[in-house]
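The data blocks that follow each hold one structure.
Look for chain A in each of the two complexes below; its partner is chain B in the first and chain C in the second.
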Partner chain A sequence: MNRSKRYLLLTAFGAALVGGLGVQAVAQDVPTIDPKPSVVVRPIESHIGNTVGHSESAKSDYKRYCAGCHGTYGDGNGENAVWIEPKPRDFTIATFKCRSTPTGTLPTDEDLYNTLVRGITNSNMPAWNTFTKQQRADLVAYIKIFSPRWDKEKPGQPIQIPAEPPVTMDSIAHGKALFTKLECWKCHGPHGEGDGPSAATLTDSKDQPIRPYNFALAKDDSRFKCGVTNRDIYRIFMTGVDGTPMPSFADVIQPNDAWDLVHFLRTLQVHRHGKETEVLSTAHGVIPPYVDKNPPPANPAPAENKAPGGGQE
Partner chain B sequence: MRTKKTLFVFSTLLMSSSLMFAGSVTGKVTYTGTPAKQKPIDMSKEPSCAKQHATPITGENVVTGANNSLENVVVYVSAGANDDGKVPSQAVTYDQKGCQYVPHVLPMHTNQELKISNSDQTSHNIHPLAKVNQEWNKSQPPGTPPITQKYEKEEFIPVKCNIHPWMHGYFVVLKTNHYDVSKSGGEFKLPDLPPGKYTLTAWHEDYGTQTADVTITGAESKDVNFTFKAKAY
Partner chain C sequence: MRVWAPSHGYPKPRQNGSFLAAAFVLLFLILSASPSANALPAFARKYGLRCSACHESWPMLNNFGQKFKDNGYQLMNEHDSPIWQNPGYWPVTFRIVPLWHRLSSGKQVVDTAAGGSSVGQNEQRITSSGFDLSGLDFHTGGTLEKNFSFYVLPSSDATASFHFETVMARLDNVFNSPWLNVKLGKFELDNLLSEKRILTLTGNGGIYQLYHFVPVGDGNIFGQMGDNQLGLEIMGHSYNDRTRYSVSLLSTSDGQVGLPYGAQSYSTFITGSQAFDAGKLGLQRLGFYAMAGQAPTSWLTSGGPNAAIAGSGTQNKNFSREGFVGQFYFGQHFDVQLVTQHGQDSAWFGQGYGDLIDGVAVNNNTPGTTLAAGSRSPTWNGILVEPHYVYSPQLIFLARYETIRMSQQSTPGTRSDLGNITTYTVGYRYNPFMTSRAGFAWHNEFNLFHQTGTAPLTGSNINSSEVLTGFDFDF
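Presenting the complex of A and B:
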């Protein structure tokens, strides 16, 4: 760009002036004015139900509402970015936190749309509920212009979530055993308070410190980063939160076991009223040790892998 | 591990058996100056790993040996190899053992199968921080089967485990099978190079890259050495 501009200038001067020798000296003295290229808005579509979003239509909305943090070039380096933790998403690498698709794959248009609707809890991303559905769909299309991955790859196949089984003490107890065995407590803490032994060392993929979710702070209207419902919790730990330390557990938790973990996680939200806390309070807050009726071949975790105080009592 | 490597070398030899007069490059990687002292790692928060090490281990960013030799340097043919796309059918393997990555630096061909296993009695999460390829992050509790992945594009990918912040390694995805990692003593060997002009690149995670040109004319062995300037911090 720079070079071609200079070339143009040279040609212009060459045409204007006849004295060939003086030309070069003059051209070299011309300062470069604006080195930043403008953004090329490729026509890209998004599909949210029956609504079709168009990248070109979101130009002014992006500039007005998004560029301040996410940057004109979508690289997460907007002028507010230095003041924000966690950092605004960098659209140029197309890694997204909230997905229904497996870790490492592109999210669906609905996933991106839902993030716009809901915002991201514990971050500066607000819920954009002042926009019309069309505006949001256009913005979903717009953020795809920043990464070539959207041209080459399709979104991942959304994970299958079976119907939720009833909340029982058995289910909660099994969930607790999983929480211990899978070492969720290493970051989230034995009581889900975000104070596990590794919590203080966590950094995201941009090397910025990041905190694990504190379940105990949740109130009735609290949201997770990627949703509010039990299905959302299921989806969060199965697909992982890409770009953060939260990994995907899809390869290591069976679908029905995952629901047990969801039920246990809800009991960590001690200030929230729900089916899970009801079941727990009928049992006077005591979760019995989980007894596996069909134990798999033994592969016992050593004693030191038990969560301090939060493990199986 | 060793048998796999032998198998790999053997099959590479088979694949290139048509190259009757293949040459090779051998050499040594050394450093000048004083490298930063590697700090001992405190694994007290993970007793199952700590007890696997008689004395506390140090970070592996810079591993040096006698006579200023430098280990964990990837030496590969960066131009002239023409074996891009000849993906070996064997997988490369990466293990988590004693809360360390074994090997610390793992080169592979683009699209080659990569098998990641966990030999520890603790959960790890494997989080390769890819930028050109796609970033993913998976949990691997003890006793779970290996995770199989591949990378499509050339990239030097730092790998970390968020649960154990000292764990750190590298996936080196290359468009060639002509590579080696400098061993103890800084030695490396690139066998089976057909006659031709090559550019070799040596890469070290802290000290950067160096290149050297080499011409192979027949069944000869050329000596190429690399010297990195150590960083004191």
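Presenting the complex of A and C:
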């Protein structure tokens, strides 16, 4: 390289440097916008029976299977979230629909694990039951890194579910009375078709529209969001579905009353074959009026179609 | 979608190693900076899942993807029916690979001087390189209604000559049971290690040799379990897909439409497998497959002894392929896929009877024909081992070793290793982005192919190689 070319290059470099500094000086008037920091995977454990899950082990699986919907930061803002209804869960607020614990409390590790196994019907959350138990346990630990609630609070104590009493017409009739009294029909509709007068106005805790469950569409292989069995239905309305307008009725009805409500709800699944529909068919599909021999003191039904727990959700 | 080797005969270009190295580095830099694209692969956009949810590395399925496929392309979340989709949703994806490759094929027959073969011929290695294209696949599939699935795949070669690679409709979860699913049409056999989802693209590395092997001189093309077949499949699986089985009844036509071969020739393909939870190692799967069938050896002719009439084949003879499959995982990053095979053809096929329609067979089993004394059923054994190192869902390194060894030649006195095959393949695929909208992989691969004793003139061994780099994408 001869002298003149070298001089030219040095001049160009100098000009670029000065120009760059000038741009930087102008840019100082603009607030600095830093890129979002990468996720710090805190070492958190989950305990599923004898299996211990480790958050660090699920980093790859979360990216592969979960981040597209739930987002890299667990905030429910993955690149697919905009196209999905209902919206993916926001792990940063640690509010979960399917729990065995009282409303407003954190779920147990097994609750989260069971959701992974079962998936959530009528949503884009599939059943991840092809994973190994260890994989699922690791993922349960991983989703806890996103919320400080897991550091500050313990999961709630799982509710006790008494043994299911026999299905009788008396039980179904009482369930029907409760369905009316507790105003379940306002959302779920008088025939459980999800078309109650409040149905169109319901929103979840993130102000997203949400539809009540339509019992009438259910078939033999149908599932609820949080389970399949009668015990699961019992659990759903005794724990509530946090983040949705479905409240907990644990403080409103007695355990056996809850079973009666379960039995009645099953009769709304007119395309499903079960003990409840058999009992109903023996009465030619007519549920007699319920006569309460020992009327309990009246309890107020939930007044608002809002999610319990307020801002926490 | 392998890349078919072009015909040879053009001069070998000059190679410049440093230029190629620089080109690779440049490609890597460009790809590393690539932004995400907004394409819409059919299933991913329907369900809003990233490609990686179903693919260990696109297009190879992982366990979750296999279950999705086994469920009839359904997540089983009550939103599988198209009634839940925006009416504008149209489940179409296309796939093609622009690429550069270098082929080096040994023992090609070459005229020694201008004037044709009458002057004389010898064998030479022919090497060529250049930019090229793969074929084009148009995938469309999904559900017509809950538990009614379909798949249609018009596919072309690199010259846009189309055929139907797959056309099938499927009844899923019959009687509400995952154990009973019925498929009708032309479809890929239920190979656990799917050749249609192979991670390699070269001419010899882009197929599983085990799935297509035919002994030297054998007239039977119908045992190619890598080819899509026409038939009916009954398939079932457990809820979590740990246990799987399938039974297929197939026309012995190697997937060709129009009943071109036997008057009444059928085959069957049976598979079964069981997966085991091995804790931190992951899910391990062991399975078996068996293909058994009959193919014609006798043909009516019109216009000459070898001018066979389509659909007139009779005198069916037997063939079989069976083996074990293993899918072994060693943590989240490393796995090994394994397939074995024992194959056997009737002595008739071994002696050059069989597919006279395509000119594969040279003999016609006309009435009164007898086999040459001492003719035996050709048999062979093979194995393929394919390890993967999944660095991340976006980067996979792969290798494959495949070998097939003849254990019995049809004609006594034939060299025992005639037609043996050994291939080695290495490569990697890098996906610069990962969304639910498009698939894109920068694909790099090298393949070595060796076959014993099949040089046309000298009967010596053939060695070929291919190096390939390309952009494998679907949208």
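Just so it is clear, the second predicted complex is superposed on the first by the 261 of 313 C-alpha atoms of A that agree within 3 Å, B and C clash if a C-alpha of one lies under 4 Å from a C-alpha of the other, contacts with A are read in each partner's own complex, and residues count from 1 in each chain.
We adopt the following convention: a residue touches a chain if its C-beta (ideal position, glycine included) is under 8 Å from a C-beta of that chain, and two chains touch if they have at least 3 such contacts.
The model shown is predicted, which means the values in this text are computed figures rather than measured ones.
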Exercise for the section: Mind working out whether A:P126 is in touch with chain B, chain C, both or neither, as first, second, both or neither? Expected result: second
Exercise for the section: Scan A:S205 for contacts with chain B and chain C and give back first, second, both or neither. Expected result: first
Exercise for the section: Could you look at A:D61 and tell me whether it touches chain B, chain C, both or neither (first, second, both, neither)? Expected result: second
Exercise for the section: Check whether A:S248 is in contact with chain B, with chain C, with both or with neither, and answer first, second, both or neither. Expected result: first
Exercise for the section: Determine, under the contact definition given at the top, whether A:E183 touches first (chain B), second (chain C), both, or neither. Expected result: first
Exercise for the section: Mind working out whether A:P43 is in touch with chain B, chain C, both or neither, as first, second, both or neither? Expected result: neither
Exercise for the section: Please give the residue numbers of chain A that touch chain C in the complex, ascending. Expected result: 57, 60-61, 63-65, 67-69, 79-81, 83-84, 119-135, 220-223
Handout entry: chain C residues within the chain A interface of the complex
Key = 36, 45, 47-50, 52-53, 62-64, 66-68, 75-79, 173, 176, 239-241, 277-280, 282-283, 332-333, 392-393, 435-436
Handout entry: In the complex, chain A residues that touch chain B
Key = 93, 95, 103-105, 149, 181-183, 186-187, 197-198, 201-203, 205, 240, 242-252, 299, 301-302, 304-305
Exercise for the section: Enumerate the contact residues on chain B facing chain A in the complex. Expected result: 45, 47-48, 121-123, 125-127, 129, 131, 134-144, 147, 162-165
